[in-house]
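Next up, some structures in structure tokens.
Next come two complexes built around chain A: one with chain B, the other with chain C.
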Partner chain A sequence: MSEAFLAVKEIHKSFNGQKAVNGISFTIDKGEIFGLLGPNGAGKTTVIRILSTVLEADAGDVTVGGYSLRKNPAAVRNLVGVCPQDLALYEELSALDNLIFFGQLEGLSGREAKSQAISHLSLMGLTERGKGKISKFSGGMKRRINLAIALMGNPKLLFLDEPTVGIDPQSRNNIFETIRSLRDKGMTVLYTTHYMEEADRLCDRIAIMDGGKFVAMDTPQGLKRQIGDPDKVTLEDVFLKLTGRSLRD
Partner chain B sequence: MQQLRNIWLLTIKDLKLFAADRGALFFAIIFPMLFVVLFNYMMTGVMGEDSRLEINLATQEPAGGISYQIIAAMETKDATTLKPGEPKITWLRDYEQAKQDVEDKKLSGFIAFPEDFSEAVMMGYGTSLEVIFNPNNMEATAALEGVAQSIASELGASRVVNDTVISLLVEKDLFSTGAAEDLGQEIQALLARQATAAGNEMITFSTQTVGEVKAENPANFVIPGYLVMFVFFTAAFSASQLVKERQNHTLERLLSSSATRNAVLGGVFCGTAAKSLVQITIFWLVGIIFFKMNMGTSPLAVILISILMILVSSAFGVMLATMVKTERSASSIGVITSLILAPLGGCWWPLFITPKWMQFIAKITPHGWATTGFNKLLVFGGDFASVIPEMLVLLAFAIVFGLIAVLRFKTNAD
Partner chain C sequence: MKRALIIALREVRTYLKDKADLAFSLLLPVATFALIYGAFGGTGLFHGTAYIVNEDTNGIYAEKLVEKIGQEQSLDVELLSRQDAENKLDRSDLNIVLLIPSGFSDKLISDQPGELTFLQRGNGGQEGQIVASIIRGVVSGLNQEFTVLDQSNQLLTGKDIAPEKIAFTTQKFLEKEQQSPLIEVKETAIGSKPNMVNQFLPGIITMYVLFAINVGTTAIVEERRKGTLERLLTTHLSLGELFFGKFMASALRGFIQTFILLALSYAVFRIFTPISFLECLLIALLFTMACSTLGLVIASVSRTQDSATWIGVTFTMAMTMFGGTFFTISKGTALYALSKLSINTYANDAFKAIITEGGHISDLGVEIGVIAGVAIVGLVVSRLLFKAVPRGK
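For the complex of A and B:
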């Protein structure tokens, strides 16, 4: 039996009386890549913001690596790395300065932060651009830096909120490979995306979320089996079947 | 400990962003310097005109008192021999007549020694100089308050006259008040001589030089005025920077690091203050090195008021950031308020030459208190004690702005 590294129990969150997250429970095992899918406005980002301690849930319990998020948020922060959906970078600083700054905020010394920053830059294929200002970077490069920052301080659990949105196949492949190699080293990952085949290839288990609730949670194969022959249907078929065809937002 | 380090990291980050932003650097440092150079030059022209400080003295003592000797010694015997900047001191022989003249507005005012002055000085108990002035003569009155304060504190410091209430009189000129400084020293020196002559050991006088405030140097009020004005501009810039960080989600990202909300807030305040500190330090260095500014009798007070200004303006900047939604509104509201408050608060011209209602309005701006404090110290030669009220009010402004900022602070743009 593998142990749950992240356990989420019945979390709720409303904005101005509107339920964004409506009672969600799940666990992610150590070393697992867990996919969170759902149409726009389903509540994926809200879940990640709650789990990464920047937003407080109205109700529910979360534990990470045995630490309660409510009682010991500092310990939780220490274990997690977050790649937010929106690029959160200092455009006027260099890539290296961004990485070092966030690394130091994770508790690394200046020297450790620098050496990690350099190795993450090379992981992202951006070694040459370390001294360049973010504002001069392409969208794909910014996405890769956004992810590299999440890796600073060697987190044990990664929250990746659409890390591959709006970028070319090359950049996407790079990010993809990075996540795989991290998983192989034992990293636990919560991953959201709108690219179904990406989720299919990458995730060990997937939850499909709609209107703040989970409508399904299974392995990719298991999900496909729910609607037909797993070798014939795609994850997108499952997604559309479960969440309907009406437009959101 | 870790949170202190985080605050430090955030502060350094803000300074890096500041240094990387050429526009901000230009508006915070180069642009203000251009203003200072320009206005300093213009004011020098104004100062060059011969306008003499006139001081009137009278005494109620019977002939033979110490005050007679003091006044006799100070009186200007030949006005043609006066050097530029030296005050013309007139002895008004008839106290009652002088009082009547002030009432009739023939005279702007005078200082009178009390009937028991000699006795008080000899016995070492307290007495007070009487100040008679016409409150309608606002220019003179306002200018006098500052001058008087410096003399009062000097006399107070030498413990000759306790609880002295003083004001002085100026008829025309408002800036060559360095002369009044001389007067203050003159009085002390005379009193000291008198006391030694009388062999009265009870009365000791400090004869230390209490700074030579060269009020003829316009930089002494031009630079502090622009410093106060531009430190608020920097706060406006910081406010828009902060809104930008909220919008580009970096502020929220900080919260998922080891930094707590309080550390983020602390870092935001310190980062804003650090920028202003850099700016003010450059201002003072340029003022002292290139404009031969004099830090007055209490450089410590000048530094403290500068620091309080930094606190007020950065608290204002953070508060402003919590009240607006967009970068653009932060910078435009910031710049507009700075531009309105600067002249109201005496950054462009000294408050003491403005009418009473303007001086009253100035009191609701932090600028007004800061420039008044700087003027007292650098133009009128006031000492530390004379600017304590200004310091307290500035502190109160900082606390109020800061509290509002803390209560309203949010890391996300929702």
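For the complex of A and C:
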């Protein structure tokens, strides 16, 4: 029987009286890639912010690896790595310096941080560019470094908030392969994206979120089956059917 | 604490890697020092220009007067036409001009009193008054010469002595008296020298340290702009550590600049003793720390770089003005009461006490207490006000 590494129970979050997250619950098993899809403003980033301890939920609780987020956020931070949607890098520093800096903040010694940084640069295919300044990197390279930083400290649970936005197919492919290899080593991943075919290829299960709630949660095949023949319909068809075709802010 | 140090070191590393920023911030105190040196350096004695309208063309006493004024070490002479002088006075290009009227020499030759006039705007300005005072001294010396010559002539005329010999001998006595006056005025310096550098350096240092406010404001806002702030908060770094790290980095950066300025002043102007130099450094460090925390308070309430910059600049200007940085505020005035609200007042008083008055840090309990208090309270308040994301950390 699989074991839930992340368990989210009825979390709520409002901003100025407006519900951003409205009582969602889900679990992610150890070594599972869980996709979180939704239109703009659905509440995906707020969920990730709550799970990564940046925001506090108004109600509900989250446990990660058996630790309650509310009671023991420091222990939870030990277990998670976050790759934010926006590139969060120090452009004036080298890739290696960025990785070492964040590694040290994760509690690694200077030597450990450097060793992990070199290993993660290799994983991202950027060994040769380690000493290059981030400001000189292409968009795809920056995205890969953004992900590599999230891996510093070897987290058990990885939050990836649209990690492939605006990059070339080679970089995207590298990121996919990295995520799969991490999953194969037992890492648990929560993945948000707007690219449906990406979620279809990568995720074991997917939740579709709209208006702060889950409107569906299943395997990609299971979701497609809800509206027709899974070999003929796409995940995008499911998404549009469940969230509507009206434009979002 | 270790993570706060990592944050501070990262800031320092970024500072060192940005060559333009590094060069600018290190050259700024050198440039400021060069300006101070240009303005007040050298002897520290007054030097001005005597603007003169000489309408007594070819008058021997007018020429003699101009020549005597020109011999004053602290004055240069610039001759102007009457029209030119009036235009410049009208435009406030000049504040005071000496007018030698036509017939000035003829009157003196015919034993009538001559008259000189100062054309001036208002009281002639501070420099103008000094120039006028020096000119009055020259005129007084000339008066004395005429009186002595006149009396010698009266006493010796008709005693079978050639007038040329009377004039020559009298002139010799006058010159001897000038070289060895009966009453000589000497200067003995007690404590530090009261020169312009001493007067203005405390204000300049205070202003300089205030730049740390702007460094402090940008430190946090930049993290928000880059998107790294939220990422930092997902690590093991606490907000307290983040703030303390930023505080250390901006205080260090501000202090390095102030150190350069003080060290150059120490080496070139020689207005410090080793002890007073170290005391000034200590006050500068404490004041930089206080300013850095004020910068963090501003950063805590600012959402954008622009708002942080504007609040920082407005705050700095208000502190400078209310703090009487470059002028003395009279006791009992409303401005004096307001000045007590400016941290500049305490820093400026502390620097003045050491640089200008030759005091010691042990006499500055109130000033040191206020500055240290601002540093501690500022750090706590900035942390309490700060929200990385709305309703979040």
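What to note about this one:
Convention: the second predicted complex is superposed on the first by the 249 of 249 C-alpha atoms of A that agree within 3 Å, B and C clash if a C-alpha of one lies under 4 Å from a C-alpha of the other, contacts with A are read in each partner's own complex, and residues count from 1 in each chain.
Definition applied: a residue touches a chain if its C-beta (ideal position, glycine included) is under 8 Å from a C-beta of that chain, and two chains touch if they have at least 3 such contacts.
What you see is a predicted model; the values in this text were computed from it and never measured.
Once the two complexes are overlaid on the shared chain, A:I145 sits clear of chain B and of chain C alike.
Of the two partner chains, neither chain B nor chain C is touched by A:I33.
Within the superposed three-chain model, A:I24 lies out of touch with both chain B and chain C [touch as defined at top]. In the overlay built on the shared chain, the residue A:L87 is in contact with chain B and with chain C. Of the two partner chains, chain B and chain C are each touched by A:F102. In the superposed model, A:E56 lies in contact with chain C only, and not with chain B.
For the contact definition in use here, the residues of chain A common to its chain B contact set and its chain C contact set are 15, 49, 52-55, 74, 77-78, 80, 82, 84, 86-93, 97, 101-102, 104-107, 149.
If you check the complex, the residues on chain C that touch chain A are 3, 6-7, 10, 13-14, 17-18, 226-228, 230-237, 388-393.
Looking at the complex, you find that chain A touches chain C at residues 15, 49, 52-56, 74, 77-78, 80, 82, 84, 86-93, 97, 101-102, 104-107, 149, 153.
Of all residues in chain B, those touching chain A in their complex are 2, 5-6, 9, 13, 16-17, 20-21, 248-250, 252-260, 411-412, 414.
If you check the complex, the residues on chain A that touch chain B are 15, 49, 52-55, 74, 77-78, 80, 82, 84, 86-93, 97, 101-102, 104-107, 133, 149.
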